[in-house]
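Listed below are the structures to be examined.
In what follows, chain A forms one complex with chain B and a second complex with chain C.
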Partner chain A sequence: MMSLIQIEFFKLRKQKRTFYALGAIFLIELIVFVIAYFQGGAILDALLSTLKDTFYFSGKLLNGNLLTYMLLNSLWFHIPLILMIVISGSITTEYQDKTLQAVFLQPVSKWKFILSKYIVGIVFTIVVVLLLAITSFSFSYLFFGKGDLVVYLGTLNFFDSKDAFQRLVLAFASGTVSMVFFSVLSLTLGIFFRESIKTWIVAALFLIVFNLLSQLDMPFLAMNTWFLPKLNNTWQYFFYFDIPWIQIILHLLILCFYIFITLIIGVRIFQKRDIG
Partner chain B sequence: MLKSFNGYSVLKDVSIQCSGGEVCGLVGANGAGKTTLFKILLGLLSADSGSVKINTSHSKPIGGIVEKPSLYGYLNAYDNLKVFGSIQGLKIDKTTAQQQLLKVGLSLDRIDPVKNYSLGMKQRLGIAIALLNDPKVLILDEPFSGLDPLGIISLKKLILSLASKDQIAIIISSHIVEHLFKICDTLFVIKEGEISTYAPTNKVKYAILASNIKESKVLSNYKTLFDDDRVIVHIEKDKLVDLLKNLLQEKIKITACTPIIDMEALFEKSVL
Partner chain C sequence: MKNRILIFIFLLVSYLSFSQEIDNDLLFIKERLDSVVSYTADIDLETDISFINMPRKKAEVAYSKGEDLKFSSDDFVMLPKRGLDFSLGELFKYSFITVLRGKKNIDGIDHKVLNIIPTDRKADFSIATLYLDLEKKRISVAEISTKKNGTYLISLQYEKDKNVLPNLVEVSFEIERLTIPLNFMGKGAKIDRKELKKDTAKEGKIYLFISNYKIFKN
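For the complex of A and B:
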């Protein structure tokens, strides 16, 4: 099993697609920084103009914490989309290039092989989010400095710099679980469709529908708790003034359960189907 | 073996066997069921009924190539060997890789990705991968397709060497009988999902060309058909050398000797 995992990492490292994906993520960061640097102040002024009639703002609101929060919001769509493309590609390209046939001409266990792909996909996802977090904090603080964070979630919440940093770190950690869900889902879709384009379209559709449905309030609390699209934005809960810890922990546990179920479905489909 | 896809029977009660050191050919038109049979033999497809029995307890009883060699195009030859070796728990260092590549006539000098390789080189690398972990049976699906004449000759030599030196049972498919005839001990003809004919290739007709062929007395011991400077002789493959020696002793000026494969007859169950 360990050798299968090592080989999956080796293949991931040797493929240009992996580096294009990482490059795309950092390009998004760069664009956000450039826009914020040149137009951020004006945009923020426009957004807060009505409030400025009532409140007095002191200090610099366009700071590293706000920039990191903006980059954190790429967990809504950009990051999961890129992760889904890379991770589903790890199986669909093997189907399309028929290297999967060549693999199973060797004495290799099917479930161990596919499980190693899931494990590598999960580790890759964690590394990507970690890199995103590290670069977001580093470059944001380097170019924009520290300061209080202002976030609008129904109400306008202000957090002092230290508190903001802690909340952002926790949000990245929580967001990682959501990203792992999308990565695992994309691999399962790849196993099901066996083709890159179909998998990417369905993965993107899932992402859009999940984002739309995340705003939907179900009639009962229990339904809200178990409704999958509403679990993927748990990282946002860290920006309520009082952090709803119990809700966050429950959501993350349920999300882990969904990740496990999605993974098991993928392994079972892969095991049952003929490779040829 | 029986196999159908969406109610359409692709294989109908097919049975074949091949011993160690033997080269068996599976010949048939496109769509006859060769690749499906090979995929079942290699465990890529499951048969609706029937089973594959390989008399070995080796961890890798069978290896092969189906349709075309499937390689990681972005990796070089060594890395491909490393990947396919490691997934089955083998430690592939540079020396092992070199030995494996030399066995199939490739060298480690090429360090560029295998997507740049010619089809012949890919076939060879595919065979090197198939031979990892020393399987007792090797299956090659259309190994000659797309190869140039030199590549075909070289691959035939490699196949014969693997069968004779390593005592591997080799099953090869092709829709071109001539390719198989020269290297196979037994030919199976598959037609519409059924083995229509199978027989050893050592009993066949040969055409011998010589200006004075009619002067030969030795030929009177064989079933022959004369046609000007040419005679068609029914003879077993291993007895041909003796016949040619005898003809030379009779001062017969032989200019050619070629096997005659009647394609149509072969497919109609008559020649072999």
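For the complex of A and C:
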């Protein structure tokens, strides 16, 4: 099993697509920085315009913490899309290039093979989010400095710099679980469709529908808790003034359950289907 | 006949205006406040506004008579534009008249209630109601109607009887609802249409806990 995992890591490293994907993520980061640099002040001015008649403001809100928060917001659509392309590609290219058939000429267990792909996909996702977090924090703080974070979630919530940093770290950690779900889902879709383009289209469609449905309020609280598109926004809960810990833990546990189910479905399909 | 009535009203208004005197108790309190040339102080700020959540903030203020209040802080702070002038210098900056409105008991203490009406157009308030604690010779409450920034109410609490400047100031004001640019809406943010249809103004409060006064007097 370990050797299978090592081989999968080797394949991932050798794929140009992997590095294009990482490059794309950093490019998006750069674009967000540029937009924030030129427009961030104007957005904040617009946000606080109604308060300016009543208050004096001291200190700057366009800082590294706000930039990292903006990156978090901007990237939860783009990152899963990029991850889904890379990770689903790890199986669809094997189908298309017929390398799967070559692999199974060897005495390799089918479930171990596909599980190693899932494991590598999950590890890759965690590494990407970790890289994103490290670069977001370091470049944001380097160019924009530290400061209080302001977030609008029904109310205007202000957080001290230290508190903001902790919340952002937790949001990245929580977001990682969502990213893992999308990665696992894309691999399962790849196993199902066996074709890159089809898989990417369906994966992108999933992502769009998830984003649209995340705004939908279900009639019952329990339905909201179990409604998958809603769970992917769990990272946002860290920016409520009082963190709803129980809700967050519950959501993450349910999301882990969905990840497990999606993974099992993928393994079962792969096991049952002919590799040809 | 119409002209006679107009002349009578003009004479009456002129008489009343010029015959108004400034209340002696207020003059005494004003003198006490005027003795403060400058001060610096540390402020802890607490906001109580329904749509703003902000942790307690620290700031330093520096006041010099005739100059704008200066403040500094390591954090991002929102300080109310009104109510930071603890010496209430703005009220007495231009000529004014006072009108006695009677007495009112606040927290078991009898207060003299006065209206201050500016007679100079440059004043940025149209009327102020002051509640004077005659025993301790200071202002406990001030309700000020400004020309541009609505009405605000300042409640002042003092640590010691002899203190001229307050240690706790509660500023209540009307504040307009936030208008949020769409590109700043968090993913979880919802628009409550019913709430939006309600009146746009809300009441907000800011509590200023003032310590470490360094006061320079005449």
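Note that the second predicted complex is superposed on the first by the 269 of 276 C-alpha atoms of A that agree within 3 Å, B and C clash if a C-alpha of one lies under 4 Å from a C-alpha of the other, contacts with A are read in each partner's own complex, and residues count from 1 in each chain.
In the analysis below, contacts are C-beta pairs under 8 Å (C-beta built on N, C-alpha and C of every residue); 3 or more make two chains touch, one makes a residue touch a chain.
The structure displayed is predicted, hence computed values, not measured ones.
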item: Contact breadth on chain A, by residue count: chain C or chain B; value: C
item: Touched partner set for A:V151, first chain B, second chain C, both or neither; value: second
item: Touched partner set for A:R273, first chain B, second chain C, both or neither; value: neither
item: Touched partner set for A:K14, first chain B, second chain C, both or neither; value: first
item: Which of chain B and chain C A:L51 touches, first, second, both or neither; value: second
item: Touched partner set for A:K162, first chain B, second chain C, both or neither; value: neither
item: Touching partner for A:T99 - first (chain B), second (chain C), both, neither; value: first
item: Complex contacts: residues of chain B adjacent to chain A; value: 39, 42-46, 59-60, 62-75, 79, 82-84, 86-89, 126, 129-130, 132-133
item: Complex interface listing, chain C residues touching chain A; value: 50-55, 59, 71-82, 148-149, 173, 175-181, 183-190, 192, 204
item: List of chain A residues in touch with chain B within their complex; value: 3-4, 6-7, 10-11, 14-16, 97-108, 113, 274-276
item: Residue ranges of chain A touching chain C (in the complex, touch as defined); value: 43, 46-47, 49-51, 53-61, 73, 76, 147-148, 150-161, 163, 214, 233, 236-237, 239, 241
